[in-house]
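Consider the two complexes below, in which subunit A is the common component and subunit B and subunit C are the respective partners.
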Partner chain A sequence: MDFDFIVKSIPLYVKAAEVTLELSFWGILLSLIIGFICSLVIYYKVKLLAQVVQIYIELSRNTPLLIQLFFLYYGFAKIGIKFEAYSCAIFGLAFLGGSYMAEAFRSGLEAVSKIQIETGLSVGLNRWQLMRYIILPQAFSVAIPAIGANAIFLLKETSVVSAIALADLMFVAKDLIGMYYKTTEALTMLVVAYLIILLPISLLLTFIERKVRHAGFGN
Partner chain B sequence: MQDLGINVIFEGSNLLRLLIGLWVTMRIAIVAIAISVVFGIAFGIVMTVKNTFVQIVARLYLEAVRIIPILVWLFLFYFGLTKVLHIHLGAEVVSVIVFSLWGIAEMGDIVRGAITSLPAHQRASGRALGLTDLQIYRYIIIPQAVRRLIPAAINLATRMIKTTSLVVLIGVVEVLKVGQQIIEVSILKTPSASFWVYACIFALYFIICYPISLWSKKLELKWQNQ
Partner chain C sequence: MKKFLKTVSLILTLLFSLGVLAGCGSEPAKKSAIDQIKERGKLRVAVFSDKPPFGFVDANGKNQGYDVYLAKRLAKDLLGDENKVEFVLVEAASRIEVLEADKVDITLANFTVTPERKEKVDFANPYMKVALGIVSPEGAPITSVDQLKGKKLIVNKGTTAETYFTKNYPDVELLKYDQNTEAFQALKDGRGAALAHDNTLVFAWSRENKGYVTGITKLGELDAIAPAVKKGNTELRDWINTELTKLGEEKFFHKDFEETLKPAYGDSVNPEDVVVEGGAIK
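This part shows the complex of A and B:
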């Protein structure tokens, strides 16, 4: 182990970690928005739109992110739709994550029992109030563990974006191996960097999960 | 030009080459899935053992595999392990090892979940009837646990198939690499080749994974109602 090399490479990794985190942040945020909208479309069985959403979910869940990114980045460029690598990566993550988040939200919405909804209706709540005060609070507490797992999944999936030349953690490690042949050092730093990012998030999610478990009706 | 672009797929032996490329990743996935099922079940049963040391070791293994991205594991094994141990491992061998390690951990957790989610009175009732441990497993635990774990296990299989697309990044010549070769050859004749080739690969993955996920969803629904 060449510790001088490791110390010198720290700024590179910090910069790369910023790229990874930034991409994940936007990817997860967009996924949440897309997923939430899609789950509502399916929950209310909006005509036509529900079918479109279902097709999107199946397409996105049954293909790998790497292929989606290549298709978006290299494929679409040739028919006139050009993305920058950065926006392409965010778009790809949102495309993939949206369907996973939609499934998480949907299972939460479906877990709210009929009795709850009927009770809400019988005390005279309108549809909006029913959603806001009865369904969503319960759906969220059921969906939180899945949402958290998806967020971590998306964060890990960002490692793939190095394939379309974005300078994330993976890319920097590859670069250092290629340029200086410092394989052990570069890979150790890579693992350490991912652990620094992922361990606290993973622990935080376990904590949140324990907190919301008491929120379900009847517990 | 654009509407003719799709012809690039059917030119010469291009489609066949893509399919052969796809077979390379499928082969890795199939071998890894087979290993994961066998050893994953064993690992899952080990995880239910009430021994603190065993549980800590099993938990560490599972969390380590889970928290580090698979692509990083591929790099660690392909570039790191081979250098540290001074051995040479082919990219395909490394892929099988990494995907098996991942699969065993995930499969183990699925099996553990299926076994521990059975109500405790099931085991106790068996014991009360005077069944031996082996009989309790054979007649009570396994038949019920299998129904709970099969949909999840099939899901894991599709995840593994999808994730094997990453092996191109450690140099396995698979469907994406073959696609790039086809694009490079036909770039002058058909500028839109990359759109059609990547669309084709996208479709190929979908055609493989979609029926499998449908199947798992169907089993899940069927067994939920019983």
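This part shows the complex of A and C:
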């Protein structure tokens, strides 16, 4: 291990970590929005739209992110639509994440038992109140572990964006290997960098999970 | 807190066991490198899949090119059959790792000799020479490096072009790709002002792709391209060197040029500018 080299490359990794985090932040945020809307469309079985959403979910979940990125970056450029690498990456993440989030939300919505809904209706709640006070709180507490897992999954998926020349963590590691052939050092730092980012997030999610479970089941 | 400690100790255990496992990869019983290849009956060679006309996969899925031509000849002279060669396809940045991880015996992927690389692998004598070239669209040709300031230059990760510009022109913004195909695709999509790569490669590419010119044909030092073997494998390296001297006598690389490079270059490139015979640059 060449520790001088490791110390010297820390700034490069910090800069790359910023790219990784920024991409993940926007990717996860958009995924949550897309996922939430899609899950409601499916839950309420909105005519036509539900089918479209279903097709989107199957398409997005059954194709790898790398392929989606190549399509956005190289494929669209051929038909005259040129996106910057950065927007491609966020689009790609949102496209992929949206469907996973949709399924997570849906599992939560469908877990709310019929009795709960009928009880709500019988005390005269309207549709909006039913959603706000009965369905969502329970659905959310069921869905939160899956949502958290998806968020971490998306953050890790950002490691393929180096394929479209974005300088994320994986890119820097491969670049250092290519230029100086310090394979062990570069890869060790890569693993450590991801751990530094993901461990706190993972712990935070465990904490949130316990909080919402408490709200859901009172234990 | 308890859970946190548990997580941390789990990770430490994992890291520790990794270290122990890494220790297991000790050297197998010393056996002559060439005997090992003969026993296996196959020479494993790392080549490019996307760098025509040096190393590429043709429409029938067969490896072709200047490097491949040499690899087949080495297999023939070592094992008696030019088909006793197994091609391992690599990208530029992984050419050293495949040797270090013992995935291949020889790297013949248009590998330019540099001081950094010499520290990691052993190079045999050269069989080709190369400088950098820069290709750009005909409409906006780049004819001097100064024109690149403030523009994006496309390069491949782990190539001499990347190292050269990082060291000598840090103010040129580099757009770095893993594969040659992706890099050239990006140039076609107009994602950078120009692309820098080995001049031998960009010559061939700009000849085949209308609308692009090699505005800068010779940049940087004239470098040697040589076969590489794993560090310390002097036996195989020496064998390759003897072989290169022998091949020089029959002007093997001129034949190689005729077969593989001429179709791509036409008469635009003089073989003497590319070919190295007998392992010595004159």
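Convention: the second predicted complex is superposed on the first by the 216 of 219 C-alpha atoms of A that agree within 3 Å, B and C clash if a C-alpha of one lies under 4 Å from a C-alpha of the other, contacts with A are read in each partner's own complex, and residues count from 1 in each chain.
FYI, contacts are C-beta pairs under 8 Å (C-beta built on N, C-alpha and C of every residue); 3 or more make two chains touch, one makes a residue touch a chain.
Keep in mind the model is a prediction, meaning the values are calculated, not measured.
K.L.:
Check whether A:Arg61 is in contact with subunit B, with subunit C, with both or with neither, and answer first, second, both or neither.
P.N.:
Once the two structures are laid over each other on A, A:Arg61 reaches subunit B alone.
K.L.:
Comparing subunit C with subunit B, which touches more residues belonging to subunit A?
P.N.:
When the residues of subunit A touched by each partner are counted, B comes out ahead.
K.L.:
Touch check for A:Leu195: first (subunit B), second (subunit C), both, or neither?
P.N.:
In the superposed model, A:Leu195 contacts both subunit B and subunit C.
K.L.:
Pick one for A:Ile177: touches subunit B only (first), subunit C only (second), both, or neither.
P.N.:
A:Ile177 sits against subunit B and subunit C alike.
K.L.:
Could you tell me if A:Lys156 is touching subunit B, subunit C, both of them or neither one (first, second, both, neither)?
P.N.:
First partner only, subunit B.
K.L.:
Does the superposition put A:Ala77 against subunit B (first), subunit C (second), both, or neither?
P.N.:
A:Ala77 sits against subunit B and subunit C alike.
K.L.:
For A:Ala165, decide between first (touching subunit B), second (touching subunit C), both and neither.
P.N.:
After superposition on chain A, A:Ala165 lies in contact with subunit C alone.
K.L.:
Considering only touches as defined above, state whether A:Leu203 meets subunit B (first), subunit C (second), both or neither.
P.N.:
second
K.L.:
After overlaying the two complexes on chain A, where does the subunit B footprint on subunit A coincide with the subunit C footprint?
P.N.:
Common to the two interfaces on subunit A: residues 74, 77-78, 162-163, 174, 177, 183, 195, 199.
K.L.:
Going by the contact rule at the top, pick out the subunit B residues touching subunit A in the complex.
P.N.:
On the subunit B side, the touching residues are 2, 67-72, 75-76, 79-80, 83-84, 158, 162-163, 165-166, 168-169, 176, 183, 191-199, 201-202, 205-206, 209-210, 213.
K.L.:
Going by the contact rule at the top, pick out the subunit C residues touching subunit A in the complex.
P.N.:
Residue list for subunit C touching subunit A: 3-4, 7, 11, 92-93, 96-97, 100, 116-117, 119-120, 157-159, 162-163, 166, 175-178, 182, 185-186, 189-191.
K.L.:
Give every residue of subunit A touching subunit B within the complex, in rising order.
P.N.:
Touching subunit B: residues 58-59, 61-64, 66-68, 70-71, 74-79, 156-157, 159-160, 162-163, 170, 173-174, 177, 183-184, 187, 190-191, 194-195, 198-199, 202 of subunit A.
K.L.:
Can you list the subunit A residues touching subunit C in their complex?
P.N.:
Touch residues, subunit A against subunit C: 74, 77-78, 82, 85, 162-163, 165, 171, 174-175, 177-181, 183, 195, 199, 203, 206.
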